[in-house]
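Next come two complexes built around chain A: one with chain B, the other with chain C.
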Partner chain A sequence: MGAGEKSSAPISMVVLMRRKQLIHVSSKKSSLNKSRFGALPWIAPVIVMIVVMVLYPAYEMIRTSFHDVDQTGFMKKWNGLTNYRVLFKNPDLIPVMTRTLLWVVVIVLATVLISLPVAQILHSKFPGRKFVRYAIIVPWAASVVMTATSWRWILDSFYGILNTLCLDLHIIKEPIDWLGNTTQSFIWLMVVAVFVSVPFTAYVILAGLTTVPEDILEAATVDGATGFQRYRTIIFPLLRPALLVSTVINLINVFNSFPIIWVITGGGPGYATDTTTTLAYKLSFRDQNIGASASMATINFMIILLFIMAFLKVSKWKEASE
Partner chain B sequence: MKASSTKRTIALALAAALAGSVSISMNVAAHAATVDLKMVAADYPGDGKTQQAQWDALSAAFHAANPGITMTVNVVSWDTIDDKVKTLIATGQTPDIVNKGDYSAPAAAGLLYKASEMVSASTLADIIPTFLNNSKYNGTAYAVPDLASARALFFNKDILTKAGITKLPTTWGELYSVLTTIKKKVPGVYPYALPLGPEEAQAEFSIWAGGNGGRLYDYTTGKWTLNSKANVEASTFIKKLVDNKLTEPNPAKCDRTACAQTLFAAGKAAFINGSVFLGSWLKANGGDKLNVGTGSFVHNTGQKAVTLGVQDYFTAYKANGHQAEIQKFMDFLYQPANYAAFLKAAGGFIPATKSAGAVAAKDPALAPFIALLPNAIFYPGDIATWNAVKGAIQQSVGLISSNPTKTLADLQAKAEAAKG
Partner chain C sequence: MSSLRTKRFTGRKVSLAISGYIIGLLFTAPYIHMLLTSLKPKSEITAIPGTYTPKVWSFHNYIEVWKIIPLAQYLKSSFFIAFCATVIVLICAVPAAYYVARNRFRGRTAFLLLVLITQMFSPTALVVGIFREIVKFHLVNTYLALILIYAAFNMAFSVWILSSFFSSIPFDIEEAAWIDGASRWGTLRRVILPLALPGLVTAFIFTFIAAWNEFVIALTLTSDVKHEPLTVGLTSLIGQYQVQWNYLFAGSLIAIIPVVIMFALIEKWLVGGLTAGSVK
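And then the complex of A and B:
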């Protein structure tokens, strides 16, 4: 990696310089169009949407987490940190948090590792490429609930097609309950989550691949670089922005992932396959403790904020906006 | 140029918005003369169709008789109705009437009309006293029972014949040896379908515990008794069944409808603890050719046989102040013909009124269940935290199949900490 970074430095600097020029040009253009309100009329609908759909609910959620809420959903009075104390006393919290960490790290890593070659295949020219590209969009375009429901029945021990397949191919002797034990079902949940995340990630990387300048690759080939060398020293370093974007968006998506777990195992048995997101739901709708649920959701919100801040820091947003 | 076109756009948008608000306020004025009653109802299994058609027909008939009141009934699946009602209340869209399985939490929060405000005195007098008694909070009825069910031990006669079993088991010990025989003689069949998945785990647990004299709540001490000695013993017996593979594998993830009843309907399970409506459910779900028998549920030696009685409720919320209209509708609903239509659409339940009960007692499918009712135990539905405790039980009680003592101790701690 270290050597690769060094040798790629000039190339990425070229790209950076080009980018700066582009930014420069486009900012000149926009300053010509400046009216009294600046860009406000154009972004106002989005701002309104963010305030109404994101900021207000977030405010309500945080407020709820500091209030005593009865089972029927009525807010009674301010009760400070009581909800948080109740939440931290919950014996299932620590296992669920650990599991969430595992959930996020494994899925995001696996997704990126699988998406890199997938994107490479989609980028290379072959007959029927268009069809393959469309086919890969399907799991992404389909509703996650739908995908998860399909998987739940694929994996069903009595009627599942996976069992039928494996039995017919004589891979197994008797039906297996794929979601039977906790570890096994959690692995399957992660498989489904990766399956759902790969298309988006592959497409972001594919977009990154199209920005790799052909002439540099050609020059490298002329200089005698092997395919692997080109990938390691030219393509991969240039993919870093795409990788960064897809990783952070995946981190957030996977962390917030609710339908896969809910549809396939319901977080059960007990709390054995819950993440913090499904736990927040269960606290509210099973344990009827809306306050503790809001505390859990607030903590989740804070974790997401951390992700986003890390993202902005890594992508050096301050420099870019100057 | 740009600025002026922006202005024009804004002006246009404002004008459109104004026009919109005027038409909305006119709509409100037009509707002021009538009252819109909103109801959310759980969907009973019936004959495989939703109950929406029955409720729509009833609403139309009610509107024809009372032109000043329109009635909208929203039928919701049992899976989601608790979440739905809770969300409606929390977001200020409280319905007028709700038909589902609990009432104590909103009663404790002071959101409900009393039963005596919901229906007229004559309708109230027709409700079977046991059921009305189970609808009380702090001594006052805050709900009107809509119907009830009782449980029995359903069995697949063909499987029993194949296994050469002639005597129906009544005690745990007898059941155990019968199940072992079935396992030996009829391969490919799960001797007992055990639904400990979240959907209705509280029912399965309650009836097994009840057969050992165990209860969920002790009314004399006012305490939850989830991990009482009797309950742990019953759970240990369940674990023994699971460990010896006398049930389907992994009962903790086996939901009642999608798993246990479906296995039974497919002829893949010999015994199941079934509710009064299971017969009609089987007919609608592929078990119509099944040769089914019923008997009273098993109990531990030295204990009494029990059945689990479950009743559901109509509750009326004060939020919209429609007391008079609600009462009109509820009385209309309990008129014998309308109530019979409701029961028919719900699919073979035990009626909650004396008048309909007299008719049902002559029904050969219902009579045995009605006979079981005097020995029925009910959920502690009148305790304010029941809903929270029920949720906790549904979530975790399946784990008794691996560790009864710890599971019940955890649940007990949760129940004691539950807030009203």
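And then the complex of A and C:
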């Protein structure tokens, strides 16, 4: 009994302390929430940065597209849709738009199709897997400009290593000018774009693969499911969120892709390997046609907004933010 | 039965390992080729057809490149711009991420939506508007312009990754610190930040690399040697009459290697941050 009494004192003290704590905490919390500025002091710096450096340029770009702008960039007067009309009169526009569609669809599809087996291999256990995983990171981490430079050198018609390799393997008999015609060089641009997109995509799919429960796969094996059946009925459905999210992020990145085209072909000859992103850039900074460039860029902006809405849908961000 | 299983397993393992090594080789081949080219003397670079490995291994390019192009200046610019942008991101993102992780408040959803939308925008998409704004503010050819733009466009990733780290820290730990008399700021500094260190490191490295690698904005907003970062400075070597590939690649590798090592360090947390937590 005595022992019980001894121990009860500390317990009540603990309870008392707990109560104090609760009061302490709640007063602290409520004082914080009721403070005059609320969340603002905490989140304002981020909002200011985003408004000034992201939203304002977007507004400025859209506004420019509806104004008469001279070559030096001086904005003269409102001229409605004239810039858009000038842009659409450009005979190169429709080919560039078609090419952009091809660019985005082919690269994103090829990226996902290649990333699926790559991720599967990176997921399975083999000696040296860690090093292979690090190797895949290289194109993701390295500056795309420098990667593109390296590819331009590889594809060089005289000194390029690709010609040497293909000659040695007897795939070709004479050196080929890989970037010699526009179709061929556009295909190579797409190859490079897939090359830089696969690492990120494979890593997202890899993250998805780690969510596949091992015991379910084992149970399926015991029940006699083949490897393909397991992939189709268990793994693939569980990969859906990873696939959707990585596809939409790739759509945006590939659509915005600039350095690969810029370094390897410059979008040329003429506008023959341009996408709408590089076209908008060239119209402004090479042709000094700022009005038409702003309207091209505004159209691009709207397309990206559509992709972002798709992202918000597939990422279920509202649930994630709760 | 068991021996049969192990056997099948081994065969599968060998083919998996081989395909793994091939993939690893394929994705590093352009960079290995870059390295080998940077170790060739000039005469070997213009051999037809091109050679795989240098006949004479020469580290000469790595010494000469500093004199041929203002590499030290480029590196200094890139480092200064990336470092300042990263510091601004952390100063702005840490309090925001902490508050978002710990409180429900009016406008929270709108704030997160704003952050997520900016995460999806690359500066490339807005370069025409950005250029006009920077001209208006007379900030062409300044570090400040690039620092502010890189900070703003990379804010989202850091807010996202840090708030997920902060919400994973149990509230009890914070309570305990308050009882001991720590202020809210003191708790954040002495208790929460050390626990969220991996998140801080990830945010730091990610922003630094993004700023270090950026090309389009730097190409548009800088045109003098003093302010050009490395990505722009190096590519200016390509446009000229003769491309000096050996120097170009020596310079590129000096820029790539530290970045790849840093990236490998934060690989674990990248996917979660980039997909706004929707995958991992």
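Side notes on the structure shown:
Quick note on the criterion: the second predicted complex is superposed on the first by the 262 of 322 C-alpha atoms of A that agree within 3 Å, B and C clash if a C-alpha of one lies under 4 Å from a C-alpha of the other, contacts with A are read in each partner's own complex, and residues count from 1 in each chain.
Everything that follows uses one rule, which is that a contact is a pair of C-beta atoms (placed from the backbone, for glycine too) under 8 Å apart; a residue touches a chain by one contact, two chains touch by 3 or more.
All of these numbers come straight from a predicted model, not from anything done at the bench.
By the touch criterion stated above, A:V144 is placed in contact with chain C alone, chain B being left untouched.
More chain A residues lie in contact with C than with the other chain of the pair chain B and chain C.
Shared-chain residue A:L179: touches chain B; no touch with chain C.
In the superposition on chain A, contact is made by A:F158 with both chain B and chain C. When both complexes are overlaid on chain A, the residue A:R129 reaches chain C alone and has no touch with chain B. By the touch criterion stated above, A:G73 is placed in contact with chain B and with chain C alike.
By the touch criterion defined above, A:I216 reaches neither chain B nor chain C. Legend: residue contacts after superposition of the two complexes on their common chain; A:D287 is shown touching chain B, with no touch to chain C.
In the superposed model, A:N256 lies in contact with chain C only, and not with chain B. In the superposition on chain A, the residues of chain A contacted by chain B and by chain C overlap at 33, 41, 73, 158, 285, 290. Listed in rising order, the residues of chain B touching chain A in the complex are 2-3, 6, 9-10, 82-83, 86-87, 89-90, 105-106, 109, 111, 197-198, 249-250, 252-253, 259, 262-263, 268, 384-385, 387-388, 391-392, 394-396, 398-399, 407, 410, 414, 417-420.
In the complex of the two chains, the chain A residues touching chain C come out as 21, 24-25, 28, 32-33, 38-39, 41-43, 45-47, 49-50, 52-54, 56-62, 64, 73, 118, 121-122, 124-129, 131-147, 149-154, 156, 158-161, 163-164, 167, 175, 195, 198-200, 203-204, 206-208, 210, 241-242, 245-246, 249, 252-253, 256, 258-259, 262-263, 277, 280-281, 284-285, 290, 293-294, 297, 300-301, 304, 307-308, 311-312, 314-318, 320-321. Within the complex formed with chain A, the chain C residues making contact are 13, 16-17, 19-21, 23-25, 27-28, 30-31, 33-34, 37, 45-52, 88, 91-93, 95-96, 98-100, 103, 105-109, 111-118, 120-122, 124-133, 135, 148-149, 151-153, 155-156, 159, 175, 178-179, 184, 209, 212-213, 215-216, 219-220, 231, 234-235, 238, 245, 248-249, 252, 255-256, 259-260, 262-264, 267, 270-272, 274-280. Against chain B, the residues of chain A that register as touching in their complex are 33, 35-37, 41, 70-74, 86, 91, 157-158, 177, 179-181, 265-266, 268-271, 282, 285-290.
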